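First chain A sits with chain B, and in the next complex the same chain sits with chain C.
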Partner chain A sequence: MTFHTRSLILLLLATILVAGCGNNAPAEHPQEAASGNVQQQEQELIIAGQEIAASLDPVQPLTSSYLRLAGAAEALFQVNSDGQIEPSLAEGAEEIDANTWEIKLRPGVQFWSGASVDAAAVIASLERSKAQDLQAQPFLSDLTFTALDELTIQVKTAGEHLPVPLNLSYYQTVIHNAEASHDTVETMDMTGMYRVVEFVPKQRLVLEINENYWGDAPTISRVVYEEISDGQTRALSALSGRTHVALNIPVTSLPEFTGSDAVDIVAAPVANSQTIYLNLNQPQLQDVRVRQALSWAIDREELVLLAAEGQSVPISTWLSSNPDYAEARDAVYDRVNQERAGQLLDEAGWLAGDDGLRAKDGKVLSIRLMTWGGDKALGEALQNYWSQIGIQAQVQHGDYSLIETARESGDWDASIEAWNTFGDTYTLLAGQYSPEGSANYGSYEDEQTVALLEEMRTETDAEAKRELALQVNTRVAEQAPVIALFPRPHLTAVSSQLEGFKEHFRQFENVVKADLSLGTARAN
Partner chain B sequence: MVYVLVRKLLAAVLTLFCATLILFVLTRLSPGDPVKVLLGRSAEVAMSDTAAYQQKADELRSQWGLDQSVTDQYLRWVTGLLKLDLGNSMHTGRPVSTEIAERLPATALLAVAALLLQLVLGLVFGALSAISAGKWSDHVIRWICVALASIPVFVIGLVFLLWFAVRLGVYEISSEASLSRLWLPAVTLGLIGAPQIIRVVRANMLAELGQLYVQSALARGLALRLIIRQVMRSTLLPVLTMASLSLAALISGAVVVESIFAWPGIGKYALDSILLKDYPVIQGYAFVMVTAVILINLLTEAVYSILDPRIRRKGVATSESTA
Partner chain C sequence: MNRLRNGRYPLSLTAGLVILGLIALLVAGAPLLAPHDPLEQKAAERLEKPSASHLLGTDRFGRDVLSRTLHGGSMTLGASVLALASALAIGLLAGLVAGMFHRTWVDVVLMRIIDTLMAFPFMVLAIVIAALFGTGFIHLLIAIVSVWWVAFARLTRSVVLQLKSETSIAAAQVLGAGTTVILMRELLPRAMSPVLILATFELGSLILTLSALSFLGLGAQPPSPEWGSMLADGRDHFLQAPHILLGPTLFIVMTVLAFNLIGEGLRDRLDPYERAKL
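Coming up: the complex of A and B.
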């Protein structure tokens, strides 16, 4: 190979690189670029999320919430941003007696394929979800459906006064054509205002307007949902002006948005509670005074600043992250009280030694807190509070599977999780605090709590049921098998170009709406 | 020569077999239950009926053969491998081979671009550093090499994204693999990998420049350009070693870079699958990568023997003496 040939090859490579560099330079300024895109791309909405639907079949795990978010799927009912249940594919619902509801469907609604969304099709869809989707079972297992006529469904409930419209508003109950195979974009068949036209697993979901949609036609013609798994990159994608909605922005990225007029941060209060779960099988945590001391020692106001960049509110009881139960936020541990925490530990026999650590019978009071995901800073802040009252606290941060493995072996003291607190309060509380509850990780078993839950289960009066829920909530906070901290922040970066975006406490399934439109970006 | 080739291939097959065994055992020893990950990740409401959960979990375990003994699972997997069947992903239900085949081109494109950049930077700046050893340009190059080797790749990647995508608006952050999106992750990987090659080139060139034949050529007034060409030829073998190692690492997945740039390559795919405990994907990915590394090494050895007759002769001599 001669020198000239080699030079030619090098020149060619350099040209390719330079061409790559300059190929997609949209404009001198991101906002100008974004503004230009509106004209060129005929209103294409770009959403970036941490994950994308795992499949196209709504009964498969990690699928239906993404389809609903993107405007492809609908349930019979939906929850508005005030927490009220509204009709969606259903026209309305009426409670006939304690065990019977009647649901009226909208006339003229069709699946994407043109097949009619009648009572038989809706029942087939719900039965398919019940049979194949484990996550749908809490909402559907106690319901029996019968078609009374083409547009009327009778729902018989196993218990009295079950909240049927609420149950049928969850994304796990989205209506789909049960006769379709849902394995490709050509065969899947749903009802949403947008239909899926392209699906690249773990990469991209592209949707275009469903011309047969029953409701108002959307103004944006195309929606692209992209998986950008790195949180910092999602934030930068929003700041670059390309992405109109970036979901799950990490709190650590918030300073990057300071002073940006082109992007707004939406931090709607989320109905879930960031909670420390304690293992009550561990000897040091069997004493309720120790558990209470752990809760009293925490400065929740400061914790919200340290671990959530101030994007949340302190709560001391589990249910109080639900807006309907906000009154119970400081029902038990109304402020930080390390003195009280110290007294409780003294009473429990854990006395401070010369080194400041508390011990009993020669054994140091220690606790190992397991954290995962973005909760490392939270864990370290909690370690600090507990160290201040003489507890030898350790933080073990890692993958969630480590927590699961530790729970199976019983070798754990405490771990952090956030569970949803919106929905049927009995189901929610029983799942957490009844001895059989799947989220009762620490084996909490309290006679008074069980009795209150049983009362709740059979109570038919809504107000009385609510009062019982508050009592369970308070009792659990007093017994402290778990320690509630604050609702986990759910931050969304929204381009100022996007008009009509609505905050929602269940933002993860409420992004694409018919009235969204793309305008001109504000000057930065 | 044929004997050497057969011996190498047998060694490769043995390595591959050992790798499948180690891979399988390590996957099964890692903490976490794939069934629970799948059932638990999307949980909306905790259930009071854990029996239904357990029943569903058992169904899935049976469906994926996880209820069988580890030996049976391994044999089933290896039998599938012999039929070129890597199994199906637990999460998407799609064939692993299809999913890998969809992502491999993106990774290969990024790997080749990054490697070319590493080689260009490595050869140019390595040679420059050696020729000007002890001078300010040598110090600057060495200082930059240390700096690049010290900064974590995610920091460089995010800073680049901040500048080129946000401040200058010349780079698009999306989830697509396209030529227009290639340059920034390629530059990042190129910069991260170049210092190693620069060091190797510099060290070998310095050693070669100190050789008697070079001094003699210089004393006789031979053109510096010709001498450097000769010296560069001698440093080619260690550079080839570095390049093959780098290529193997890049092909097996520049996980961090692919994740930061949302580049839909094999590294990001593997990372996602590890987090989801998707056993068939993890095993399939690792198997394909081990195969790729073995092939790259075989290819490197073949190129070695072409470039350096001593190695070729040694191989033949060894085979002759063994025979």
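Coming up: the complex of A and C.
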């Protein structure tokens, strides 16, 4: 053994020794903070999520969802775990006629700054979201707000009988002080039971009780929401007691929680569809037969096993992840049919060569699928199905920002995303499939779909509207600008120390509640 | 055995070569030795434990881990050797030129470039390249080569500076040998020994770096088997099916160990001071 090798071993031993002798102050040690003395007055709730906002401004993409999740932001209404609309900052709402609603605001509500949450402030907030947040537009673009008095807002709707309270329950419509600058912790101004006291972009959000909160004061004095991007690490953080709530636990980690008394897995059924979005501006994807072939080639039953560990159900149409539309799960692509897929590609002129790859006019049929987060395995399984029908399929796995950048530049073929399917079906479907829809990433434009959506917008009979929604859903699946796969499983790991945690089908925005408390952990 | 005792073939060199030879044989013979298609997915056989039909078990897609490990080696080792050869060529050339034109602007410029690259965090550079040009092995190799040549350049330069003061070089100059001749015939052959020793050590580090970057998703893209990415994929099922990690881990450890042993042996064999100890 050389001197160099001996030195390395000695150095390693010394490092282990020093690390072992290290003195971690209890207050700075998160594990102890999470599982330590619950009798202490200053309780701290630690939540781990896959991502955290890069900004504090609620009109920035997804920021409002993080703020709402952590108890910093509220909308006028909220949806309870049974799917019913409940008042939040609003006291109530009344439909005056087919195109008019009146919303009564809760008296005495203040922003963190002390400014009053009156009709003018609420309208300014909603108008700001409508103007600056693309994702808020599907819920707000058809609504016109007028202040009738200090606490009453009149809402005029472009269509008849629009579900205004539902639209105003989405996280994209959270109420914020439009006159405040939402650049820093000091200047941002919201209404939630907790106010943000520290923010490190993409790392952590720390919140403390808002003493002027209008509702019940929360029991836990401090909330820490931190980003742990790796799913396996999130799972381990929950198992080790480092975090009280770990969101988006990977399905592959489920076996690790078996038999654990210290952590419960909450798997409330969710209404969202894991979906492949196709870029219809790409020449090879402009032919509907190619898109249909991509969908026919997928074995969704097997996919649920490979990519979701069996924790979901196959769906072939986008809306069918919503339990109300479950009948449409296999409305179009009822089974895997690679033969049919091959025929469609033959008809489209993409013929298989000696190497098995399909080509037309000397160009190979290729598709680049962009995945992110925990969807790498899903991408790999899809790549396999498409390769089997002669498509040169590539998977590019990386950060979500790469997908956003690719969408902005138009340099993408396909990407995976899961959107919520619960709510006003017209708003949801228009957001996805109308030419100007904010989630219509692939520039899908189909006359029949547009006509059905228009019919749906003006339809007042609930049953007829539902029937139209099913027709839109089927038409879109046939045209295949997107390919629905399965409802994305949402697993949340909750420490048994945490009392009052409720299952919710929109778990990602319903974690922090006033009645949460930290008790004693069950023995393992 | 007498040769071993005499220090002509140090034990570490022999052991390293034997291990590397075995690994190379397994990897090169993967198309013949691998019992299954490394890309074939069989959902019905997913996460199977090691058995007679799958010696190292199967992964989450039902793919044979042994076959993927053997095939993955060609990508890991091939890419490492390719990156090392490129870095070595660039580093040797830069070092020779910098040493030959010591204290001229050429030397100053090259040294400042080297200083800058040495100060730049490699992982950040690799991530920047991946963000700019996309993930994939080619871009990963570009990132590695653009930084890895520096060590060879510095070593070559220092060797050249030392050799330049020797009488043999002065004699060559007096006899009218040109710069190119002195570089290629006098300096390069004598600089090769220490640089090759460094290269064997660096190859071990390179394999680890490649695996680490693939583990982070910056290298090989699905479904290509590669040791680092196999570790990353297997990690999700670590507690449920630890056998998935066994193959790539073992091969990475043994390969790096082999190169380190070879490097140590070569140093013992070629370094006059070490040889004197033997």
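Assume the second predicted complex is superposed on the first by the 311 of 524 C-alpha atoms of A that agree within 3 Å, B and C clash if a C-alpha of one lies under 4 Å from a C-alpha of the other, contacts with A are read in each partner's own complex, and residues count from 1 in each chain.
One rule holds for everything that comes next: a contact is a pair of C-beta atoms (placed from the backbone, for glycine too) under 8 Å apart; a residue touches a chain by one contact, two chains touch by 3 or more.
All of these numbers come straight from a predicted model, not from anything done at the bench.
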Checklist entry - Between chain B (first) and chain C (second), which does A:Q84 come into contact with in this model arrangement: first, second, both, or neither? => result neither
Checklist entry - Counting only touches as set out at the top, which of chain B and chain C does A:H397 meet: first, second, both, neither? => result second
Checklist entry - Looking at the overlay, does A:E380 come into contact with chain B only (first), chain C only (second), both, or neither? => result second
Checklist entry - Which chain makes contact with more of the residues of chain A, chain B or else chain C? => result B
Next on the checklist: Just to be sure I read the superposition right, which of the two partners does A:Q137 touch: chain B = first, chain C = second, or both, or neither?
Outcome noted: first
Next on the checklist: For A:Q232, using the defined touch cut-off, is the partner it touches chain B, chain C, both, or neither? Pick first, second, both or neither.
Outcome noted: both
Item to check | Partner chain in contact with A:L306 - chain B first, chain C second, else both or neither | outcome: second
Checklist entry - Of the two partner chains, chain B (first) and chain C (second), which one does A:P250 touch, if any: first, second, both, or neither? => result second
Item to check | On chain A, positions contacted by chain B and by chain C | outcome: 232, 402
Item to check | chain A-facing residues of chain C, complex | outcome: 39, 41, 43, 46, 60-61, 130-131, 134-135, 217, 221-223, 233, 235-240, 264
Item to check | Interface residues, chain B side, partner chain A - complex | outcome: 30-33, 36-50, 52-53, 56, 91-94, 99, 102, 113, 116-117, 120, 158, 161-162, 165-166, 169-176, 179-183, 186, 259-262, 264, 268-269, 272, 275, 277
Checklist outcome for this item: Touching chain C in the complex, chain A uses residues 2, 5, 231-232, 250, 252-253, 255-256, 302, 305-306, 376-377, 379-381, 383-384, 394-398, 402
Item to check | Touch list for chain A against partner chain B, complex | outcome: 10, 13, 17, 19-30, 33, 46, 54-55, 60-62, 65, 134-135, 137-139, 141, 170-172, 200-204, 226-230, 232-233, 236-237, 239-243, 399-402, 404-405, 419-420, 423, 427-428, 430-432, 434, 436-440
